[in-house]
Amino acid sequence: MIQIIAITSDNKRKTMKSIDEVLDGDYQWWWIDFNNPTDEEVKQLDTKLHFHQLAIEDCILGQQRPKMDYYDDFSLIVTHTIGPVSFDQHEINVFIGDQFIVTFHKDDVPEVNQVWNMAIKQEDMKDWDIYRIFYEILDKVVDHYFPIIYQLEDSINLVEDNPEELSMNVLLEQLFELRHELLKLRHAINPIRDLVYRILNSSHLQGIEDRREYFADIYDHLLKLSEMVDSNREITNDIRDNFISLNSYQQNKVIQVLTVITSIFAPLTFIAGIYGMNFVNMPELEWHYGYYIILALMFVLSLAMIMWFIKRGWFG
Amino acid sequence: MIQIIAITSDNKRKTMKSIDEVLDGDYQWWWIDFNNPTDEEVKQLDTKLHFHQLAIEDCILGQQRPKMDYYDDFSLIVTHTIGPVSFDQHEINVFIGDQFIVTFHKDDVPEVNQVWNMAIKQEDMKDWDIYRIFYEILDKVVDHYFPIIYQLEDSINLVEDNPEELSMNVLLEQLFELRHELLKLRHAINPIRDLVYRILNSSHLQGIEDRREYFADIYDHLLKLSEMVDSNREITNDIRDNFISLNSYQQNKVIQVLTVITSIFAPLTFIAGIYGMNFVNMPELEWHYGYYIILALMFVLSLAMIMWFIKRGWFG
Amino acid sequence: MIQIIAITSDNKRKTMKSIDEVLDGDYQWWWIDFNNPTDEEVKQLDTKLHFHQLAIEDCILGQQRPKMDYYDDFSLIVTHTIGPVSFDQHEINVFIGDQFIVTFHKDDVPEVNQVWNMAIKQEDMKDWDIYRIFYEILDKVVDHYFPIIYQLEDSINLVEDNPEELSMNVLLEQLFELRHELLKLRHAINPIRDLVYRILNSSHLQGIEDRREYFADIYDHLLKLSEMVDSNREITNDIRDNFISLNSYQQNKVIQVLTVITSIFAPLTFIAGIYGMNFVNMPELEWHYGYYIILALMFVLSLAMIMWFIKRGWFG
Amino acid sequence: MIQIIAITSDNKRKTMKSIDEVLDGDYQWWWIDFNNPTDEEVKQLDTKLHFHQLAIEDCILGQQRPKMDYYDDFSLIVTHTIGPVSFDQHEINVFIGDQFIVTFHKDDVPEVNQVWNMAIKQEDMKDWDIYRIFYEILDKVVDHYFPIIYQLEDSINLVEDNPEELSMNVLLEQLFELRHELLKLRHAINPIRDLVYRILNSSHLQGIEDRREYFADIYDHLLKLSEMVDSNREITNDIRDNFISLNSYQQNKVIQVLTVITSIFAPLTFIAGIYGMNFVNMPELEWHYGYYIILALMFVLSLAMIMWFIKRGWFG
Amino acid sequence: MIQIIAITSDNKRKTMKSIDEVLDGDYQWWWIDFNNPTDEEVKQLDTKLHFHQLAIEDCILGQQRPKMDYYDDFSLIVTHTIGPVSFDQHEINVFIGDQFIVTFHKDDVPEVNQVWNMAIKQEDMKDWDIYRIFYEILDKVVDHYFPIIYQLEDSINLVEDNPEELSMNVLLEQLFELRHELLKLRHAINPIRDLVYRILNSSHLQGIEDRREYFADIYDHLLKLSEMVDSNREITNDIRDNFISLNSYQQNKVIQVLTVITSIFAPLTFIAGIYGMNFVNMPELEWHYGYYIILALMFVLSLAMIMWFIKRGWFG
């Protein structure tokens, strides 16, 4: 679907659906939104808007890194959004020229819709221009990363505190997933951060200069996001190392129990085995107190063993 | 609560509570402190002081990184303090203009109170100006990080020396907490460090030039703090690796004990089992010295085993 | 084999096999391709084309990193391709002068063949020049890295999901191989990335300026490739750490089973051993309910043991 | 104690103890050494020499990083020495002005004493000036780090070779200490290295220019020291990883022994247990060769077990 | 030993042994080689050639990092070679002035000898000058690192493939040695790489400009060497991690065998122990089929156990 907002020289807003209409008219500036466009509509990037072949290719193929490319009469900016639950990544391509902004996205992305609705609800468009549209979209894109990281932080805390007392292999599996998602976030956020840094320092986008504070504010958020991702990766690192350490500590304890039990009963069972032998000539068997002497001996022996293990700290 | 200090052209200090009063008067410079302000008071940032909307947003929302933003007629500096026990983070926002300094903090922070009391006790204000106020606050903020790190270092030493002989899983839990707190400290200190570096090299804050040595001294402390945090993180790393190594070494020893005990008694118990069988025709059972021969055999066998284990170094 | 395309001043294309022919003729520009050349043909780099001795050495010896060297009247660019299955690395050496491009490769590489066929099929050569040839080759080289990484990503997913339920040592072996291949890819891709960055910013290759967008597009792909390699190395890292953690967790479980079994049966077997002794005077043996009392004792004892282990969570 | 060397205009050396005397006299340049000064003496930094308050604070408080601060009429340089056995760190503060060098240290440091004695023994002072004094002190400070690292390298080699056959937990404890000391060294050496780099490139210390080679030589040594520390940290890393690997390998071997022993004797002991049962009707017990048949069976069974373990490589 | 080549103004070569002779003569340029010099010969660096005291110190003491120092009338370049088997490091010091090159090395190094022999065999010296000598030596030094790395790569492959089926502790020991040698190589190669980079960009060595391609070729090789070392360190890292993982996996398997054996035989042996007790009143003992019933019970029990273990995957 193609949607167009065009602003007249006296700041009136018109909406239309045909690119020809806006190009033929006499407008101050216009915004063309390609939302999940048909193949026919995609072709108009070339036939009507005459964008460079490489820029159009980037739009169609997708799988670009967030980036900014300068062409003779426009700049192409590619940025990414991430869906809150599925972690699906969507691309938004923005063409900025002297009089136009063109947004192109294969999926229906809420960030662009929000800005569209803001613009439509405006009574007067005199505070708006191309760069205002661009700022609002970028601002929404970046803001939407925060709830995603907060959600991941909650999940990390759940793994750390483990209120449902899940077993360690389940926790490790969850941790692995969380790390994977943090990695995806890092590969989405850091290039956008570097992109906004370039936008701030670019001489090609003259309209930025008047809105410097606004784009600097977005850059601020991206720095914060980038630090949160790094910090959370490091925390998951620590949690996993902690799990492994604790597991190893518990294993040590279990093996100590095994060794204590074995060390106490192996000699006792051996002694009982000796007097269970059927030799004809075993004088102790006929002693009147033989049985009691042996029981006492076993008792003393096991006591000595236990003392030794207590001294070694294996009864902790 | 809003508190104001205003300085007259002959360096006299007046205190007041109304922003209108200071703006209408004829003062050399003034300091407005928003300490845990009410919603009504917060609105005056906009209605009376006419700060930029983005700057006011940063104050109200909080959760900013330490940073410095330049606006047309003022600069906004955001810095963090950390409470000594709870590790709670508080934000201090400082607006600096030609004639004013405005501090804004949602919590009652001791660093600002100390400077307020210093200023109030001063007989003559001729050595003071806006940048002196700013320097004193920043100096207190940075100085307060030192006892926090010293306290963490003491805790790390306690974990390493373990005078209360806590078990290893408790120590690992403590170490994990300490690492987490060091991480928080790093994410507080390093951005302040970078911020002070920018302040030192900023051309927007002209009053810094006359107090260069003072701000350089703060920067020095931040470098020292940053190194202490990194160094302590690395030490906790080493302590944990050491714990894991020692745990693994001890486990080895325990398993050796288990193996030695099993290896000695398994064959002996087996031999006793053989002569405990009830076959009718077992000639050894009827030998006169059968019992003694078997006992001797067992003795020799266990001796040989022990020798072999001693040779292998398993009796260390 | 030596193949030559030469373009006349009216953009006609001629193909020939002799270097003398092209040098003696009056052509606008020409492309000489040394494809798996004989020793005789290699010598013509020196005798006919008079390239610098060091440049010729690099071609003949191979084992160069991807790089660009400037000589007085030409530039030498070395780049690598990697075969899809064998991971064999091949070198393509490209000499670029004012009127010529010379490609030299010891193996028959598909990337050059594709461009050759493109050029041959062209009706009119007026859109082509030396840098177009160079761009097309480089573009093919870089594009061919994508399927290789996709293939590695599929293999990594197979190791992670393990649908064939292979044992962990087989998976670890596969992971080790995958990491090795990722390392090889990194050492191929990163230098090419840095090389294209240099080409983009080089003042020696004047023809680049007109095709800036095209080479920037290649650079973009190389950034993407480089990030994919790094990201996949990190994922293999996480997978291996996960395997090790899970292995250690399972071992813990196995040892708990061993300890539980041993702890229950060692005391029971010892008690049975006691009443298997052959002492003449053992009053319990003659009690009418002695046997049942002992059986009950054993039952209670094992129940107590099991309760204790359940409380410890060893029956998870 | 305060010691002073003052040089007259004809390069004669005078020594004195009173700062007033040197300031009132007519000297070319002078060196004032505060060696472990009393509180009274410390005050003279302010009352007599009029240094900046922040510089004096740095001296008195200590705990500074190695650094250089520029003030209006002098520079303050802080550097560290480390004692050879105790690893105690001492600070040397050096004030350099147009006509004076002032050294301030709370402890009696051998590096300064050596230079003092060199200067005192000199017949003619015409080759000496303020920067010569400074160079000689810095040179001694840096040279004294070498024997400390050599000593650590010897200790690391002792841990690696383990000639006294200490147990692994003792070695790990030693390694941990060595790593800690290397960390301390790094935090002493790297800032001095960066400081000397700044001194070499400073425009504030004009006397450096004439002695460039000398200070570059010190910088060289600091680069070497820094690399030695990093390299040794990496080696201790490898040693510890090696210890852990070997420990894990040995544990594997011990557990194999345990498993072999258990696997052989558990079935044998079970069989013996069967024929130790007291059932009235057990025909095998009455067979004439029953006992021998069972012994043979046991022999065959244990042989089969041993074969299986040999095949599995557990008898390595 | 001191050897001298001196070139006359008509490019004739003379060889001599006395420094006086070359300095007194009228030569275009000369090369003085100090090969393992006597103390007497070393003194001539000062008395005859008047080099700076610090430069001479560096030669005599050795233990320098590869580096380049500028003095008023010459530059000193220090570089390292490594012997192929022993990994002994040797230093070559090169002094370059307007008319002379002086090489100084305490050991007889093949790299210098090769260049000497090349120069001696030359018929005409008109293509040679000071920088040609320097280039040839540096080229040999760098080329000699390649076989050393190839040899290490072979050793690493041997450890990985383990054709002699060495035990893991032997392999780990070898790996540790290999890592140590790679570390030594890195500390030799990286500073030389940085040194050649500085040489390429130095304005002090004017003769470099004419041979830029040659020194760039050396730099190329050093980049390649540096990457090979880093890559091989990373591969040894992976090999060791793989060993540890496999060891841990095998241990898991061994412990499973132990647990299975114990779990099967512990209950069986206990049951046999029960019916080996000597109570007077044990009715089962007198049942006609008691023995067979118990045997059947044991069979069923062990079968159930085995089924459970198979289900758990412990018979893999």
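Letters A, B, C, D and E mark the chains in the order given here, with residues in each chain numbered from 1 onward.
Throughout what follows, a contact is a pair of C-beta atoms (placed from the backbone, for glycine too) under 8 Å apart; a residue touches a chain by one contact, two chains touch by 3 or more.
Chains and their UniProt names: A, B, C, D, E = Magnesium transport protein CorA.
As the structure is a computational prediction, the values presented were derived from the model and not from experiment.
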| item | value |
| --- | --- |
| Smallest number of contact steps required from chain B to reach chain D | 1 |
| Chains in simultaneous contact with chain A and chain E | C |
| Self-contact between copies chain A and chain C, residue sets same or different by half | different |
| Separation of chain A from chain B, taking each centre as the mean of its C-alpha atoms, in whole Å | 25 |
| Whole-Å gap between the CA centroids of chain B and chain C | 40 |
| Multi-chain contact sites of chain B, meaning residues that touch two or more partners | 244, 248, 250-251, 255, 258, 262, 266, 269, 273, 276-278, 282 |
| Running round the ring (origin chain D, first step to chain E), the chains in order | D, E, C, A, B |
| Chain A residues touching chain B - in the complex, by the definition given at the top | 213-214, 216-217, 220, 223-224, 227, 231, 234-235, 238-239, 241-242, 244-246, 248-252, 255-256, 258-259, 262-263, 266-267, 269-270, 273-274, 276-282, 314, 316 |
| Residues on chain C engaged by chain E in the complex (per definition of touch) | 52, 54, 63-65, 67, 69, 71, 167-169, 172-173, 176, 179-180, 183, 187, 240, 243-244, 247-248, 250-251, 254-255, 257-258, 261-262, 264-266, 268-269, 272-273, 275-278, 282, 284-291, 294-295 |
